[in-house]
Structure formats: C-alpha cells, structure tokens
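Mind looking over this structure? Questions follow.
Letters A, B, C and D mark the chains as written, and numbering starts fresh at 1 in each.
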C-alpha cells in the first residue's frame, strides 16, 4: 500500500486532477475548500468568529503545535518519524520551569532546554540511524520514556514560572502575538529549507529512496542525525513557547495529545507517511484547520461529546478531499 | 526508510544474523532474550513472580490487548493500519453495557456489539479502499470520532453490567481463564490464517506489492474490506472480553492507551509498518513482554514515576535486539 | 600492493596500470557463496565486459565495487590502495560510478535533481537551480537525449529513466564507470546512444565495466572479456581472442542454438483482438488480431507504448477508447479479474514494480497467480513447493538458497520466475512485454522454445518487444510502432532485421502490407 | 445557538472550562448547568480533554465571547498561572474548582477547593479506626502520577495509624482496567492484604473484580460517593468511601460566582465538604450527580 501512494492507483478512475481545468489544480485545494466551508459556516452562525481578537486567538493557539508539525513535516519528508516530539516538548517545559523556578536566568534556562531537546532528538536519530528499528517504534518507545522523565522532573506537580517568559507568551509584535511571529518564521524557514537548500532536497531524496540517496553519495546517516536533532530542537522551541504561554509546566503539558494533533495536521496536509513527499504549506493548512475547528466548536457551544465526533469527521472529510485532489500525482 | 526495512541496507553492518551460527537463527530471538532477561530478573527479586497464579494473572491481563494486536498484525501485514481498533472496542463496551443494562438478553447484546464493530471496521475499509487516503489517517480520524460516540452512548457515565458476562470475564476452562482461552484461540486462528490460507498469503502479497497482487488475480479491494471488517470484528470481541472483565463500561474504557499498547506489541514483534511482513508469534511475544513488564513493576513496587521510563526503555531495548537479529532477513 | 601470486591476470608492462584490481574476493549470502575468489583487473581506456549466466555473480561483483556489499574475503585495490571493503561514498570518492541493474532513481524528484543527486550544486547551502538544470541538461545531451529536466522522474518511461541514471553516473566523472545491463530494456536506438557514449568515455581514458546478455553487442563493443560462472572466473581474454561460440561455451558450458522452428499454420479463431485502441499520446490507434497458435509482435521502442499496452490489456488501466476481445468475447477494460477470467495472461516488462512480490518466496511468486486462478483456499509450503517445482525446473530458476525471497534472486532469475508465474497458468492468450529482459543466452533460447510451445498448443501470443532479433525469432508477423502509431506491418519471412529497425526508427517507411491478421492504421 | 452572552446586559454569562470527560467531570458540568439555570445565569461550556494547552485555549475562547467570569475545572489539580494571568489580563475574573494548591487568592475571583489531602486522611482514618490497633497491611491504588493523585495518597499515608503498614502503592491511572490489573498483581504480591485505598470508585470497582476473583476479602476504601459506590457499601463490597460530590462543588461554584459578581458578602475561597461514608451513615452522602 506504500507503493500506491506514489504511483497512481491502478485502474483508478485515474487522475481526477488531470481532468480538472488548470485553474483548479491548486495544491491543497481540497484542504482549502474544507477550511473555507468551516469558516463560512462559522461566520454565518456567530459574529464572534470573524473578529480580529478571535482570529488572533486561534493563531496563538496553534503556534506551538505548528512548530512541532513543521519539524515533523521535514522529518517525514525524509522518510523519518518522530512520535516523541511532543514528549520532548513536555520534558522541555518541565526542565525550563524547574530551572527558572530554581533561580537560573531565563536565557540560561532557554538555552539549556533547547540544548537538551536537541540532544534528545539526536538520541532518537542515533537509534534510528544505527539500528534497523523503524523510526515509529524507536520514538514510540522514547516518547513513553520521556513522559516518565517529565513526571520525574516535575515531581508530579505543576511548576510556575511567573512572568519570566511573558514577553514571549503574551507579547505582541506590531499587534501580532510574538508566538505567532515565531511560528510563522519557523514555518517559512522550514519551507525554504525544504524547497531551496541542498539539505532539504537531500531530505526528499532520502525519503523517496534511501538506498539510492546513499549510493549517490548523499550523507544519509549524517543527514538523518541532523534531521532528528532539528526535530528535537524544534520540540525544545515548542517547549519554550508552551511554557511561556502557560506560565507553568504540569504533568498534563505536552505528550500524546499534542503529538497526535501535530501528526494529524501533517498527514492531512498531504505529507506522506512513507516519505518523499511533503509541504509546509499543507501542514500549515492542517494546523489551521484543526485550530479553527476547535475554536468553532467552542464558539458554537457544541456539546463536548460532539467535539470529538466533529473533529474526527472534519479530519476524515478533509483528508478525503485533499487526496481526491492529489491523486493525479 | 521504508525500503531499508525490506532490503538489507547497503553497506549496513549487514547481516549480523548471517554471521550467527545456525542454531541461533531462531526467529524473534532478540525479543525472547529480552523477555528471558526480564523474567530472570523478576524471579530473582521476588518469588511471587514465577507462580501459577501470577502467570495466569498476566495472561488474563493481556488477553484483551492480544486480540486487538492479533487483528492488527494481520491487517498490517497486508499494508493496512487501523488506529481506531481500541476506539471501536471502547464503543463496543459502551453499546454492550447499555444494551445489557437496558434489559436485552446477553447473547443479543453480544451479537449486536460484534455486528456493530464489524460494520465500523467495514466503514474504515471502505474509506481506505475507495479513496487514496492513507489508512493511518483514515483511522486516526475515525478513532477520534468513535471516542466521542462512546461518550455519547454512555452519556458520560459508567454503566455496570453486573454478573451477566462473568462466565467470560472470570470463568476458567480446566483452570485456564476463559479470556485466555479465547485469546489463545484467536491468535492461533490468525496465525493459521496467515500461514496456511490463501487469504492470509494474499495479505502478505498485498502488503508486499499491492499492484502485483491485484494483477495476479487477488481481489485486493474485497480482501481489504474483509481485513478491515475482521479488524472491526476482533475489536468487538475485545470489547465483549473487556466489558466482561470490568463488568462495566466507563468513559475511560478502550481508546488511545489501549491502542498504543497494541501497536507497540505488534511493532516490537517485528511486523512491518510498511506491510508485507509480520508474524502472530512476534506479536504474542510483544504482548507478553508488555504484560510482564507491567506485572513486574507492580510486584517489585517500582514507584509510579518510573513506570513510564521503564516501559519505554524495555520497548526500546526489545525493538533494537529484535531488529539486530532480524536484519539478515 | 601487488598480488604476485596471481600472474594469470597480470599484463605486460607497457599497458597502463589498472584502475581497479579485484583480488580473491569472496561474497557469501546466507552460507552459499555468490563469488568464490574472483580476481580481475580493470584498466583505463578499456571497455571490459563481464559475462556470465544469470546468477553467475556479475551484479554481486559490481555491488562490491559500488560499496553496496562488503566482501567476506579478498581485497579491492583502487588507485594503488587496497581496501577490504568500500562504502558507497568511498567508492564515489575513488572515482567509481555505477549504474546498477535495478533502476535506482528517486521517483518524486525531477530529472535535474536526480542527475545531480548527492552532488547538488549549491551556494551557501542553497541549491543553485540554474547550475543544476544546466549541468543536467548537458549531461543528458551527451547521451543524445533531449529531456525536459524539470519533469518528475516518476512520469518517465523506463528507457528515459535509464538515460537519466546513466547521465547521472557519467556526470560524476571519475576513472571507472560500471554499467550493469544498461541496455536490457532499451530499444535499438537508445542502446546505440549508450554504446556510443561508452566508446567516447573509453577513448577518453575511462575504465568501463560493461555487463550485458546481448552477445553481439558485447563482441562489438568490448576490448576485454571476463566470463564468470557460479562465482568463479572461467575465462578472461582480449575481445579479439573470443568469438560468439567460444564466449557462449565459456559462459554456458555448451553451445546454444535458438532458431525459429517450423510452425503449424495458426488456427482460424482469433484469440486476441484489439480494435481501435487509443490512449493519450502513447497509443493513437491500434488494431491487432492474433489467431490461436499465432505469435504476433508489436515492435517499438521499449517503454511508453508497450507498458501502456500492458496496462490496458491487463486491466490495470482504462484506455481512451477502443475495444478488446479474447477468443471472440469482448472483455471490459479496467477489470483485472475479467482479463484473467477470459484466459489472458499478461507478462509485464517492469518485473520489479508490477511483476513480483519481492518479500515472498520464489515458490509463492511462481504460484501466486496460478493458485488464485484455481481458487485455492489453503496453503502448505511443502505442497506449494511440489507444485512449483516443475515450473522452476522448466524455467531454470537458480538461487543460492532453496526457496529465498524472490527479491534476492539475480535479475535474470527474477525474470524467469515472472514468466513461470504467468505461462504456467494454462493461458488462452498471452501478452508478453519484453519477455527475455535480462535473461542469459541459454535461458533466452529456452524461453523462446517455451513460447514456441505455447503457440503450438494454440495460445494466441501478442509479443511487445524492442528487439528486432527477438521479434524475428518468435513472431510470424510484426507491427512496427512509432510515436504511438502503428506505422507498418510485416510478414517476418519477407523482411530483414534492418528493414524492421528502419521502420521503427522512422527510416524508409513502407506501406503496411495487407494481412488479415494484422492491420496497422496510421490514421 | 445564536450569539451567547453579552446580548442582555443584565444577565450574567459564565464560561465553564471542564477538564475531562470522566464521570466526575460529567456530574460537575451537569451541576453547573443546573445551578446556572436556577439562577438565570447563562453558561458556555468547553472541555480541555486533560490537555493543559487546550485549557488555556478554551479560556481564551471564553474571553473572546465576553463572559462575565470563567469557571475552570483545571486539568492540573494545582492551578496553572497562565490561565489566571490570561483571564485577569482580559479583565475577566477566574474562578477555580477542585484546586488543591494555594493559588494567589488576590488573583482569583474565588475558588472551591477540594481538600484532597483531607480526603486521603479521612480514608486513612477509617482504616485506622476499623483495624482498631491490630497490626494490618494496606495497599494503595493511586491515580495517574501527578498532583491530584499524589496529594490524595499523601493524605492517606500521612494520616494512617502506626498499626497500619502500607505495603504496596501502584498507579491505576484513573482507569478501571489498569486498576484491575494492578489489584490482581497487588493481591498476588501481598496475599494477606487487609485494606486497599483506591483513588476513585471507578478504579475501586476494577479492584473489586480482582479481589473477588482472587477470593480475597480485602476491604476497599474508595473516594467519590457515586450512587454505584454507595450501593457497593450497602452490599458490603466496599468498606467505605469518602463522598465529595462534584454536584455540590458545581452548585457552590455557581452560587459563589453569582454572589461575588453581584458584590454580595461571600467568602471567595471555600472548600467542598467531604464525608466519610460507611455502612452506618449511608444517608449522609450528598448526591454525586444531583
């Protein structure tokens, strides 16, 4: 079933996309359409939705997950997977909070967190690169392990950091929340790296066919180590952003829920689980869709049991629409 | 990175296995070794471990997850993935409990649950087979949706079924817990199906190369539908077993934690995420390892903060050991 | 540095020193040896052909040089330094470029990116797209290929992919270029482009290692021949010292003859008919009728039209228009089950993607279609082995282990498995795309005989091939296809090889001959 | 479904950010809805699904809807500072339910605390009293590692009598199935176990299944006071439970908020009462869910 993802499905009603008029062959049209439908629906039901405050809220709410999703997009494009990113984020928030509470200067805490997170990513990278274990398996194991580490670092309790990172968590640059500025910058950089740098193109090559990449002289092992380290670094950045936003770290911070949200955003954004294909734009759209859906469900006062139902349904519809469109390629 | 799993990585520290003497080339030796180490360690620390009661306890504790893991093994071998199995199980427990509490005869409730679960699996199958969406994405979406459905069915409350399924949940056949008998029977049947039926070999063929399977006359679409329906049916069976064991369904029953346990067991058992390779024996060993680790942590009174750390570490070690060994093939 | 004990391959002084010296290399797979102590030298300015039957160890030797595998014993000396093994990057650094037997490209990337893979030109880490595209275009132009370098490789035909790969390796420079069956799935024109390039490179001083099963190609190209049999060097000589007979005898251990047998007249019933078939730019209009017991060939460049034909008749894909019938009964397009049910068996030219399940065993692959067609329910390896054995024997499938995963077989043996899988299912009609792709001379003769036997049993055989020789050996009538159109029809007995090639390449165009079994309609 | 809150200037609109979808949370939500309906207060509800970041997002969404106050059943048991800062920054007062740590009262509109330490201690009191000085053993099936469970368990361990030896303590993750596994293993490791304290009743029922299957007559002391839990005491399946009703909690929260918003004399920080329930005082238990 991996192969079909690449090639057009055999005897498929082949290339729906091919039959579309040119102007409709926008990438991610399916996802954009679903977002548009949700937006129009929400706007017609409540005037609270299309307000600047609300849209800034949504953007701030998705800032953290978009960092993780962005890193995952790059990594998955190279055929990798890091299921532990949000757990690294969890550990990162705990370490940062513990250090700040313990009196370390904020910049030191931030650097230590980023350094540790990068190191944890590198450990994943070493395990993935130098053993034959599938990356999903390695990082599922380290995710479990790191969730435990987070508890140990926190000692089970929430740790507050007061206002020490409030410039980041609550600040704004020209009216745009600082978190959103950081997230946008990171996504843009990842997008540029993926499209325009040797490293990014090598990532596509590794994801597309690792053996060929290796035999062609791409430094596959080194690139993979770097990719996992970058995933770790971005998880660390997400940790700093998250702890700045929450002004605290607690046992419920980071971990599986955040991870699955990031994975969901990446995959409905069209990045292939098998590697070799992915775009940051798709991921950003996926993140935005999930953020908007959560927001709209709140604004429209949908009962919480239906939140899960609605979120699942929208995910499904978005994925199907996006793939109908993509099937040509 | 999918490719390497299949072919021996070029210039990999290739074929440790090939260099081993013949008698050491037992399948799953790595996993067996890790289990053996855990068992020896536990037995040396407490005489409570290697007792009949305790081993029966462990086997009862893993019965439910082994059903899900067994179904997943078959499905993943065919290149599929069902991340919603444990959510179907959750819905199944809710429906069964609701029906039994509402006065339906137990057999009716059981049949209705199995039927519904099969139908839900089939819905996954239809979405996977007739769209281009990756099965992980489809079933991640349906898992979310079904978790909501479970809450709706339960109305947010636990529903108790008293003793109505206690023959299953607490019964024994010749001293062996009925749940264990059922689980063993199911795993054996799945194993036989995978090894000795054309349907099972078709699953390997589909997972290995779907196009080739189709061109060879395998009815790929039909087989996939059946495979997902079977995954649903087994999730339903797991639901009946779980509700019989708990004598109740509650909002926390089934869902993600159970799913991840099943996935972890399957993948450390050596079944490939990319399809084309898998064994029920590996999965059973994976399930047993996870069960034993949980049991040992309890018996040795390890502090709860270290549970996740220990589980993650054992998973990692087991996966690495198992793959060192497997790399030859 | 030198291997004084091994004088056999040592040449007198004036000859330039070897670029690569292989000394006593051994390579085992799961206990059995694919190479049993091979020593050979590769010299600059020399085209050195490696010859041998399927499974002889040619690709394995190449893989040791490319750093894919590490030898279990022996050394590889490059530029004077001895190595007990090479990594892929080392091999590249030492100037060894390799075009492997399996097409190895990153399908999702563009032609330019694939040509420059692993050495993307960059400025400060950013890809210099202009330089990348220009270099790629130049590299392709050297091969006489005019290919849009921005196309995604997944959309290319197999020959186009081959060219991209050769271009990539040639562009790498270095002192040694290895080509493992580069022309196996190329038509005459493309193959000639490759050979011309090889000659140029060799003249410029490169050591070229060339593997091919086309004896005449090798004899016309190589300066030196080394023959491997069962992992051992059994002969090594300058090209002039060996002719076709001695070469084949060295490879196979006996003589091989493959001639067209006298054939009965085909039966009157039409076994396979394609009417008015068209599909995009690949097939513009095609009418073919193949009678029971007849072999009709569609001759054209490998790839585009042929693999499209496979897709259409196998049910993998629906055409733009047309109709198709087996034994006089219409078969719907796009339905694999219906094509099979009608008794049609289609052998793909792309065995890796569409032919075999690499992880499954040889036996399972051999019986994959057969058992499904016979609606078997149960599977027992021992019984399967018994059922597969006659076919494995008939098609001479050779492996180091008894029943390994089919992906572990040598390329030619995989091809034999593919043929056994389909031709052992008692077909009413067959579509064969490049059926002898990559098989050795002996096996080719045997496969030809098996196809003859099919026709004798009354099977309608439609052969799609890029080889004029093969077409003339097997078919009674030939339809030459060019640019998606049938341009001419020929009776094999009334045409020369040169005329056939000319028709395909667009030389002298002959009017299609009016023959009942075969109509090429240019409009 | 039309625009909620803000429309009618006189009516109070409160936002309720629930923490999860357990039975406890379901009853709390129902209670908040019922109390608000009684007082003519409009409620907007959101659920954080046990995710700290989602909790903050939910609070932001409430602020965007211009509610008069936000009630937060926090996912972290000890309040998250960011939640409070965010709401205060927007001029929307925040009211917490179920918190255990001392959040800065100045920053809050108010709170109804749940004295988890006291609840644990009450459970311990039962064990101490019931064992009447005889040397006994007790096990603990905790929840998920974290503040809520740790404080509850800490309360038990701090208060339990010297004659009671705590021989086992393992996490049941607030999940019935896990608790059942843990209980099976616990009774295996400690066949002579006399008492077990279980962090909630859903888990206690799982433990009950395990003990019954093992023919063990361990006395179960639980926490919650659900109808099913009280029935279990009546049936002799549980020895005791500490009733602390989410329904009462929700009522208190809404009553206090309305009072505070209307500037009445209300003590801003209050405690949700809890009662140790045994077979002798079943009628003293407050309704768990109304």
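By definition in this document, a residue touches a chain if its C-beta (ideal position, glycine included) is under 8 Å from a C-beta of that chain, and two chains touch if they have at least 3 such contacts.
Just so it is clear, the model here is predicted, and its values are computed rather than measured.
Peer 1: Moving only from a chain to one it touches, give the least number of moves from chain C to chain D.
Peer 2: Graph distance in the chain contact network comes out at 2.
Peer 1: Max contacts between which two chains?
Peer 2: A-B
Peer 1: Could you put a whole-Å number on the gap between the CA centroids of chain A and chain C?
Peer 2: Going by mean C-alpha positions, chain A sits 44 Å from chain C.
Peer 1: Please tell me the distance, in whole Å, between the geometric centres of chain A and chain B computed from their C-alpha atoms.
Peer 2: Centre separation, chain A to chain B: 27 Å.
Peer 1: Can you work out the whole-Å distance between the CA centroids of chain A and chain D?
Peer 2: 33
Peer 1: Counting only residues that touch at least 2 other chains, which ones in chain B make the list?
Peer 2: 7, 10-11, 151, 156, 209, 211, 214-215, 305, 307
Peer 1: Could you list the positions in chain D whose residues touch two or more of the other chains?
Peer 2: Within chain D, the residues that touch at least two other chains are 21, 145.
Peer 1: For chain C, write out the residues touching at least two other chains, lowest number first.
Peer 2: 67-68, 88, 315-316, 336, 353
Peer 1: Chain pairs in touch?
Peer 2: Those chain pairs satisfying the definition are A-B, A-C, A-D, B-C, B-D.
Peer 1: State the interface residues of chain D toward chain A in the complex, per the touch definition above.
Peer 2: Per the stated touch rule, the residues are 1-4, 18, 21, 29, 44-47, 49-54, 56-58, 60-62, 64-65, 75-83, 85-86, 89, 101, 144-147, 149-150.
Peer 1: With touch defined as at the start, can you tell me which chain C residues reach chain A in the complex?
Peer 2: So the residues of chain C in touch with chain A come to 66-68, 88-89, 92, 98, 100, 104-109, 113, 117-120, 122, 125-127, 152, 154, 168, 315-318, 334-336, 353.
Peer 1: Taking the complex as given, what residues does chain B use to touch chain C?
Peer 2: Spelled out, the residues of chain B in touch with chain C are 6-7, 10-11, 14, 18, 195-202, 204-205, 208-209, 211-219, 276-277, 328-329.
Peer 1: Touching residues of chain D toward chain B in the complex: what are they?
Peer 2: That would be residues 21-23, 25-26, 142, 145, 168-171, 173-177, 180-182, 184-186, 188-189, 202, 205-206, 209, 212-214, 226, 228, 289 of chain D.
Peer 1: What part of chain A is in contact with chain B in the complex they form?
Peer 2: Against chain B, chain A makes touches at 1-5, 7, 9-12, 78-80, 127-128, 131-138, 140-149, 151-152, 156, 206-207, 209-211, 214-215, 256, 260, 263-264, 267-268, 272-275, 304-313, 315-316, 319-320, 323-324, 326-327.
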